[in-house]
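First up is the structure itself, then whatever we jot down about it.
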Amino acid sequence: MTLKAGFLGYGLMGKAHANALARLPMFFPDAPEVERSVLIGRTVEALEEAADTLGFNRIESDWEAALDDIDILYNLGPTRIHVDPTVAALNRDIHVLCEKPLAPQTAGAEKMAEAARKSDAIAGVGYNYRYVPALQLAKRMLDAGEFGDVRRIRGQYLQGWQADPDDEWVWRNDVERSGSGALGDVGAHTIDLARWLIGGIDRVCGRLDTFVTERPVAGGDETRPVTTDDEYSAIATFENGATGVFEGSRVATTREGGNELELYGSRGGFRFDMERLNELEVYTRDDDGFERVLVTADDHPYMDAWWPTGHIIGWEHTFVHEHYEFLSAIEEGRSYSPDFETGVAVHRVVNAIQQSNEDGSWILV
Amino acid sequence: MTLKAGFLGYGLMGKAHANALARLPMFFPDAPEVERSVLIGRTVEALEEAADTLGFNRIESDWEAALDDIDILYNLGPTRIHVDPTVAALNRDIHVLCEKPLAPQTAGAEKMAEAARKSDAIAGVGYNYRYVPALQLAKRMLDAGEFGDVRRIRGQYLQGWQADPDDEWVWRNDVERSGSGALGDVGAHTIDLARWLIGGIDRVCGRLDTFVTERPVAGGDETRPVTTDDEYSAIATFENGATGVFEGSRVATTREGGNELELYGSRGGFRFDMERLNELEVYTRDDDGFERVLVTADDHPYMDAWWPTGHIIGWEHTFVHEHYEFLSAIEEGRSYSPDFETGVAVHRVVNAIQQSNEDGSWILV
Amino acid sequence: MTLKAGFLGYGLMGKAHANALARLPMFFPDAPEVERSVLIGRTVEALEEAADTLGFNRIESDWEAALDDIDILYNLGPTRIHVDPTVAALNRDIHVLCEKPLAPQTAGAEKMAEAARKSDAIAGVGYNYRYVPALQLAKRMLDAGEFGDVRRIRGQYLQGWQADPDDEWVWRNDVERSGSGALGDVGAHTIDLARWLIGGIDRVCGRLDTFVTERPVAGGDETRPVTTDDEYSAIATFENGATGVFEGSRVATTREGGNELELYGSRGGFRFDMERLNELEVYTRDDDGFERVLVTADDHPYMDAWWPTGHIIGWEHTFVHEHYEFLSAIEEGRSYSPDFETGVAVHRVVNAIQQSNEDGSWILV
Amino acid sequence: MTLKAGFLGYGLMGKAHANALARLPMFFPDAPEVERSVLIGRTVEALEEAADTLGFNRIESDWEAALDDIDILYNLGPTRIHVDPTVAALNRDIHVLCEKPLAPQTAGAEKMAEAARKSDAIAGVGYNYRYVPALQLAKRMLDAGEFGDVRRIRGQYLQGWQADPDDEWVWRNDVERSGSGALGDVGAHTIDLARWLIGGIDRVCGRLDTFVTERPVAGGDETRPVTTDDEYSAIATFENGATGVFEGSRVATTREGGNELELYGSRGGFRFDMERLNELEVYTRDDDGFERVLVTADDHPYMDAWWPTGHIIGWEHTFVHEHYEFLSAIEEGRSYSPDFETGVAVHRVVNAIQQSNEDGSWILV
């Protein structure tokens, strides 16, 4: 049986996911077959071009109509159009993989989670960094006790694409459309990874900064106000007794895509940097220093599907692994994680950090 | 017009090239269209499975018959089957992209180059590392004079897949089938990159080592002799006055895929390591130290085709770029480089190093 | 005129400072001459041995008597014996260089600062990391505007010497004697560096952790409770609008002496790690990535006094620079920074973090 | 008994050794006592100033007269004044520590070795890099078999202090005075380290380059010819079957003091860079990648004499360790290594590389 996929959105995420589907058969031949069936959007001309490039059979400008004919909805559009199509799909038992964050506001995310609970379909949220082989290896070692009891996790996702005050205004600078700035965008990844690795967050203290308060609109003399944070900082305590420190930015002058994660426990720890995503630095009791593991060997997570050891993969491969797991869960009728409950949980942490920023106090999640 | 491609070989290189063809339309939409037409090999069952995985329309066990129906031959099999099919294809004006090294012996490579000169078709040799964006950037900077007059180049391609004496015997350990060991295999890449960057080599002094002289055959108690080098060292002088030092190994215990290159001239230089192929360390007169450039920005070579800055690509992407250039040359009737003359030139350097090892003296190339 | 120095304390800090004095004449010949006059302590036998090793003329077990005969008091003992001898010395216009933190409690530090204000002598506090040439270079670049308006500073001083629960109890684990744990010990360095670089801190939110609540006493079966933090985390806002994130630990399993500092502003930034204290990674508008500067050139701060470029110095050299500046200030009758006001200011930040941990809210400094 | 030391030379090496002697008592209290007795040189005024700075009791412009009154001669002057004073001292059973290379020509070095054999005094040659704790650790691991049978060593000592054609002419550019250029200067260190680690070299092939053939004389319009190599490359085979690749330069545009060493054998290996001399990257069978060891722990070679773990030392400390070993050998009547036989052996390798460059063939050492 071939599963029919509909994509809502054809920007960066549309391309990342279409590419992932296109690559599955050659590298994960046991994955379910998926047909790139319909590409959903509003502007017919742009849709047609994207459908051609991304390999879709047809286009559709009415998302409700598109649901008639698909088994899976990939909701990859801007955050504000996540809720309704996702809920509608789940109500019809159509599987959904929705990009993060689930919704501009937690209420929307909760509505989605409610729909997911009632549905017979599978709902997943697009936290693709879980599928970096190096982080899978870290998780495997952590779960095996090689790092002992976790004491501290540090996550910083520092981007610099708006470092210059002259960098253009985008929808992500508008709190109405995006719900949050760096916090909800890159911070959500950090929070998800931290929760995945070491469990629930119970309390946070946070700070939001907006260093550039208005930005020029593309192709004009106009500027628009930035109503989101462009940088956040947070301290979090975890249910298991660990403490976390998180930072995220889109105005980090010195960085491109520095999604870094570091953890240590009573027996060891690891360090990771997305700019070198094939590497994991690990430290265990037998070590006298960090050991740089090139995570490309056959026995590393997902790597037997790719190239001989020493030949690195890229960012896009995380989406292939994500699809492999999501589609396998569908085929085998298994549950899938990260699911919408996860998505809501991340939302609550994001909210708590926002509230802490306003109240000037620690907030229970 | 869609070009019909025939692949001879379906191992690692078959997969790398099939993947590259599959990915072109989504990322390089202006590339010529190519149909994965026929997969050529000897064992029907394995062929059928590979054709299915790699996306070929049909299989063919007679390579001569396959030539009737293709526009391009990708010769990706073991070195010893490079010569005849390639020559036959070129004689019929079928374009050929042949993996390196061209042939076990220089004579075969020269025969191939002779056929290429006489043919109206385009012949390319698979030196894919030229298409690493970071190395394209290095080349661009070098050609712009940013490093001044080149003084020294160092190339070391250190693999460890046969570091252990118990690692199994493979055809690459047999001089009859492969022509050379680490020198012809990984060393050829280094030599090609050095020639591409700074020009012709005129003299070499070299040394070959075989540290493990016999290896176990898979699935048995037997061992077979290793008749190739498993490590080489060479000093080379270039026509432009620079000196090069090259090393290559497949028994480098401490390494996976360490294809490193370093160059400096009178004004600056660069360093590169394939395990971090998205990075180039550059040093120019204005610098006080190496600057680590993450080669993922839109204005970096080929990178506008991929992801936003900060999101890295992998080893396989070099093949996509290679195909893009090769196919564009076909479509536009341009010449293509690296061509078979390049392939022969690399052979001559390899031969000179081998002869130097035997004679104990410097050898003119 | 030769200045007579008295040292109170002969542990690690005693050695670091005695070594610094011993090395001044050869490398900073224009520094005032100092005689290692008297070593002050309580245990005569240990004192005698230390005086011999560290090159002191005589020993003295009564610190008040020792003051009769010295020009400078180096107060290098445990924190709890900082206040009285320092105040007494300043009251007699004897110069004082006191190790950090000034006192177990802020009240003591304020008393010391009060004495310093009234004294004609110079009072300095031992924040030696200011004298790392790489950080001096960073400060110089920052002050020259090369990094623009500061947005963020991150400081983490992660030590692992008590990572193992079996590591022995020391006085630093006792809140009565030390006033604070990792926060007051390593955190104070981070806070001082941050204030020195970018100015006053106005508000903090913090968290303290004690992961190992009791530790074995050396040479026995007994354990004692740990009443200090062994790890702290804090977010700080600065008067100039920047945000800081600070962390410190003595139970960081994966680290030795990782005193790291990172800063970025609207135009660039830097990164520093004490384990590689001769290096500064800088990023300015003209760069495409961090540039690794080996801070050993003649025109780098203090480096013309040492070795030719490329020959690195160590941690101990920071004390030589510190003495050079402190003694030159004495000789020239200049003011010296970091002074006791600085010491008190750091105390207030430390206190605010402690209070924030108790109250669960942001605290004004 | 206090040993009386005479220093011939008061430039960089004079300072490095005087500093080492000055620091011994505080950090290696069991080392023999040494008095900086007499500083020998030709220019009285400069001598007087140097004696004052370096802590010598008196000066002497007649080296023969100086020998009357010393127990140890430190021969630290330019290479051309190494032979006669050293031989004279040894003939009088005065211990000698002579900087490397022993002499401009091998004949002189052999004469020195002859004198050492006949003398009752101890003769040492100044290969200080053996005393880097990280390299001592590497040697210890190698000797314990942790790296297995050595396959390859790579040594590159790349300096850039004459990278610019406008950098001034110095005596080291004159073959009469120095005997050799980069080869004899920095290359000698690499050759010594390689021989120390893995044993004798039996055959070499080499290449010398002089990229800048004349240089300006300081303070004038004149230029002088460069008659030494400013860069060398060599391949060497070792008696134990390993192969070495060596490079050295003083015109390496991109480098300051890059003294790098890498070795691997059948079971593991290490990497080292003098710019990070407190670190050793090791790889053993149990590792999946290089482990970065910060060589500052108490159980690391010499490090219990210095600071707590995590606090790095510098280049100058190697001289302290060298003196400690040399003086201890004198006190205990032990033999000392590296001795003059070592110095001659390095000379022979240097000569063989020079001859290989002339003859264009491999040369037996």
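We call the chains A, B, C and D, going by the order they appear; numbering starts again at 1 in every chain.
The definition used in the following text is that a residue touches a chain if its C-beta (ideal position, glycine included) is under 8 Å from a C-beta of that chain, and two chains touch if they have at least 3 such contacts.
Please read these numbers as outputs of a predicted model, since none were measured by experiment.
Trainee: Keeping to the contact definition above, tell me which chains border both chain A and chain C.
Mentor: Per touch definition, common to chain A and chain C: B, D.
Trainee: Would you identify the chain whose Cα-based centre sits farthest away from the centre of chain C?
Mentor: Between chain C and every other chain, the largest centroid distance is to B.
Trainee: Would you mind pulling out the distance in Å between where the CA atoms of chain B average out and where those of chain C do?
Mentor: Distance between chain centres: 55 Å.
Trainee: Please report how many Å separate the Cα centroid of chain B from that of chain D, as a whole number.
Mentor: Chain centroid spacing, chain B to chain D, equals 41 Å.
Trainee: Roughly how many whole angstrom separate the Cα centroids of chain A and chain B?
Mentor: So the centre of chain A lies 36 Å away from the centre of chain B.
Trainee: Check each residue of chain C and list the ones that touch at least two other chains.
Mentor: Answer for chain C, listing residues that touch two or more other chains: 255, 290, 294, 297.
Trainee: Mind listing the chain C positions that touch chain D in their complex?
Mentor: Touching chain D: residues 12, 15-16, 18-19, 22-23, 25-27, 29, 52-55, 159, 161, 255-258, 274-279, 294, 296-297, 306-317 of chain C.
Trainee: What residues of chain A sit close enough to touch chain D in their complex?
Mentor: Interface residues on the chain A side: 286-294, 297.
Trainee: Given the complex with chain B, which residues does chain D contribute to the contact?
Mentor: 147-149, 151-152, 154, 156, 163-165, 205-207, 209, 211, 231, 233-235, 237, 241, 243, 245, 247, 249, 251-255, 264-271, 283, 290, 360-362
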